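Lettered A, B and C in written order, each chain numbered from 1.
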Amino acid sequence: MSTRVKHFSSNRTRILSSRALLLPGLFIALILLMACLLWSITLGAADITPQVVYDSLFHFDETIFDHLIIQTVRLPRVLAGVIVGAALAVAGAIMQGLTRNPLADSGILGINAGAAFAVVLVAYLLGSASLTAYSVAALIGAGLAAGFVYGIGAISGGASPLRLTLAGVILTAFVSSLTTAILIQDQETLERIRFWTAGALAGRDFAIIAQTAPLIAVGMVGAMLISRQITTISLGEDVAKGLGQNTLMIKITAGVLVVLLSGGAVALAGPIGFVGLVIPHIARFFVGVDYRWVIPYSAVIGAILVTLADMAARIALRPLEVPVGVMMALVGAPFFIYLARWKVKR
Amino acid sequence: MAERRLHRTWIAVRPRRVPFSFKLDRRVPLMAALLLFFTFIVLIMSINHGAYHMTPLDVVQTLTGTLPADHPDYRNFVLVVHTFRLPRILVAFLVGAALAVSGAIMQAITRNPLAEPGILGVTAGAGLAAVILIVWLHEVSLTILPLVAFVGAILTAAVVYFLAWKQGSASPVRLILIGVAIASILGSITTFSLVFGQINDVQQAYVWLTGSVYGRNWDHVRALVLWMSVLMPLAFFGARSLNALNLGDEIATGFGVRVERQRALLLVISVGLTAAAVTVAGTIGFVGLIAPHITRRLVGPAHEGMLPITALVGGALLVLADLIGRWVIAPSELPIGIITALIGAPYFLFLLVRYRK
Amino acid sequence: MIQAENLSLSYDGGTTVVHQLSLTLIAGQITALVGANGCGKSTLLRGLSRLLKPSYGAVYLDGQDIHALKAKDLARKLGILPQAPTAPEGLTVHELVAQGRYPHQNWFQQWSALDEQIVTEALEQTNLTLFADRPVDTLSGGQRQRAWIAMALAQQTDVLLLDEPTTYLDLAHQIDVLDLLAELNEQGRTIVMVLHDLNQAARYADTIVALRGGQIVAQGAPDEVITPENILQVFGLDADVIVDPVTGTPLCLPIGRRKPRKAKITSYTNGKLKHPISASIEAVGE
């Protein structure tokens, strides 16, 4: 049984139909992002006016309580949201282009679960480990999971979207039960780690951002560098080979980038799903199928989405704070359903 | 010209007076016998294993009721065997059988060898319902946990089916994908509950979620037997239409199968079996995925023989998993769901290497 | 006899593929549906069975609306073999053919003596007796197609609809399958098949129905239908038509842009047949 999938909305032209609009569009998106960031910083248990925010950034006075809150609590959190959103969105875009599967993202394919498990394992084995240990663990976990999924793609000779999705589901189930096994055994680890396993931006500080941002930065730069190759390979592996592309190298490189981006994101904020699934679709809706534009647009839109989701998560059940991963699932899964109903032919 | 003799690979069952007949792959009776024997051995070993020491001979005698009444440990033996160990092992067997058959049905309906019982979000629905009960609704007694889990399972399956229904058909592809999505939503709400609940409740919830037969008693066995005695025969009778559906919707329609109706019916049976299993033992993964695969290698894909054998394979797997779970970190116990995951994933890897389609 | 009356067919409520088409297929004949890609021939075939519900009009089998019939009743009269069917891994030929008995079975009688006999006969007729216990996916393309036809045979229908039964097969197997279908036709079965090879259609069909854009452009015996004008209209192809020296049926010769070469040999057999299969290949090949 084959699953024909309308991957590239071929009968619809993109919104920004003229190439001249692409760059201005990106700038507008960036401005939107700034606005969201500002808005996000003003929100919280105590709302802070934009004037105060501006002051705290440029005329920092450590005796003013609000300035402290902004610098130590809100700014890092918002920054983390931007980084995570951008990283996951770009990782998702790469995966969707590479596997020609519009339903791919690091959550569905089990990469997030793998990274999360590695972190939980380290937390269990080493008690309270250093930040570096967590980051390394997340990367290794993401790497193994990605390798697994890649193996499926390589061995099954171009796995259908359905098969990859199911493989990801099973991988997630497997890894989750291992994670659960640990959490059952050790209440202390459970206590410490359970909030994080839901995907959380709360409590992020500059230290962890400094740890993970370089990884993600490398991933983003790399993604931009191979964006044209990704466009080529998204046309089909045989076509790409026929055009002279070294598809194996591209796949390996892209895989490494995905691991850097997802692993870094998970190390920073825990496993957050659906960002990588939803954002590339939105980006492609605006800019078409050229990944030289899809990737930067995905990054910006991803940052916007996570920031907005985090804001919603903070006010939805005040004073309780919904983990952003939960909020993303509540937003993203209906979108996935929409995709499954309208974009997948039997 | 060489004589063209038809090489018989099947057995035809045609009792003389009764207008009843069916066909079985000839490997089926042998496999059934082997599996039952294997399960019996593991059963004895499993009952034998435990904090309270007994010899295998004691176990067999207690089971068959041939233990002399004046044996010094008579009361204890009977207690341990009949009250503690036997029911939980029987539950493991029945749950394994139910999940295996349910998985086989799902794989045939979706024509996808990677499908498994929880694919319509059934396990996620049961899980969420159970977690909500354990973590949030403290006033409500946990005795209604099975009912709540069951309702959660059925409701979720109904929602998924409804969402996958488009223009008169619920295509297998849509079912799977929407099932995945719904499971994600429910899973995230479950996660939310696990994050914010009291730590003790949460640990209890986690155990339930992983799947365990700890402390299962004869009530559970009775409930399972009741459900399965209705659903299993229905599943076996549906073997023919499963065969037809497995050839593709078009050929099945050509045979006169009312594809959507049959599919819905078989889904109901599968969901019912899964819901019963999950209600009693929590969300045990991988059995429903792997048992059908093993069975197909043993007796081929024709469902007349494949379904009963799959039930036996699933039952045997879980009884074995239970034994391993109790043995590997004795005297503590690793929940059965963990063991199935640990066995399941490597086997799944092996499967994926084989299925190069 | 199958009759389509003002039949319109579309997929998922989208564009109409077949437009108000009326067609009568005569019983006991081989009818071939031909046309370019996307002309609606496969769609029409599916509409003639119950695979596709008409968006307008109706299909009648022996005077009865096929959608009014009970599914199983129709399945005993009309069998369909879709394009490129796949069998589950490990399914043996015998098991596959046995599935064809589905419309004649019920929950209690799942394998009667009659079922067994008919399956045995179907296997014999398709020369698959020796392969009965082999898995279907280990067979060659031609054998596999024969197994599917055997399954359709076991269904014991008077009418057989086949969607491109020769696609993906190499030439010898194509002829093999078509000869088998001709044999089945001689035994009284009505055969309706979609063929993409016009010359095969000319050779084996009693009636050819040529479609374009979801409508019938030409219908009738091969001699009537296969003309350069029709080929141009249906396929958009310039062609000459001669009489096939082996079978006497029309033979379509496309005229492309390549200059013709000087022929060295016009026929190996001078019209006299050596072995049916090799002679056909050589004659057509030149």
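Basically, a contact is a pair of C-beta atoms (placed from the backbone, for glycine too) under 8 Å apart; a residue touches a chain by one contact, two chains touch by 3 or more.
Note that this is a predicted model, so its numbers are computed, not measured.
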item: Category of the chain touch graph - line, ring, star, complete, other; value: line
item: Pair sharing more residue contacts (C-beta pairs) when A-B is set against B-C; value: A-B
item: Between subunit A and subunit C, centroid-to-centroid distance (C-alpha), Å; value: 51
item: Rounded Å distance, subunit A centre to subunit B centre (Cα mean); value: 35
item: CA centroid of subunit B to CA centroid of subunit C, Å; value: 44
item: Residue numbers of subunit B (touch at least two other chains); value: 248
item: Shared interface positions of subunit A, touching two or more other chains; value: 1
item: Shared-contact residues (touching 2 or more other chains) in subunit C; value: 86
item: Subunit B to subunit A touching residues, read off their complex; value: 111-112, 114-116, 163-164, 166, 171-174, 176-178, 180-185, 187-189, 191-192, 194-196, 199, 202-203, 206-207, 209-210, 248, 285-286, 289, 334-335, 337-338, 341-342, 344-345, 348-349, 352-353, 355-357
item: Touching residues (chain side subunit B, partner subunit C) in the complex; value: 4-10, 12-14, 19-23, 167, 237, 240, 243-244, 246-248, 250-251, 253-258, 296-297, 300-302, 304
item: Subunit C to subunit B touching residues, read off their complex; value: 12-13, 46, 49-51, 70-76, 78-82, 85-92, 94-96, 98-100, 102-103, 105, 107-113, 116, 120, 123-124, 129-130, 132-133, 155
item: Sites on subunit A touched by subunit B in the complex; value: 1, 3, 103, 107-108, 148, 151-152, 155-157, 162-163, 165-167, 169-171, 173-174, 177-178, 180-181, 183-184, 187, 190-191, 194-195, 197-198, 273-274, 320, 322-323, 325-326, 328-330, 332-334, 336-337, 339-341, 344, 346
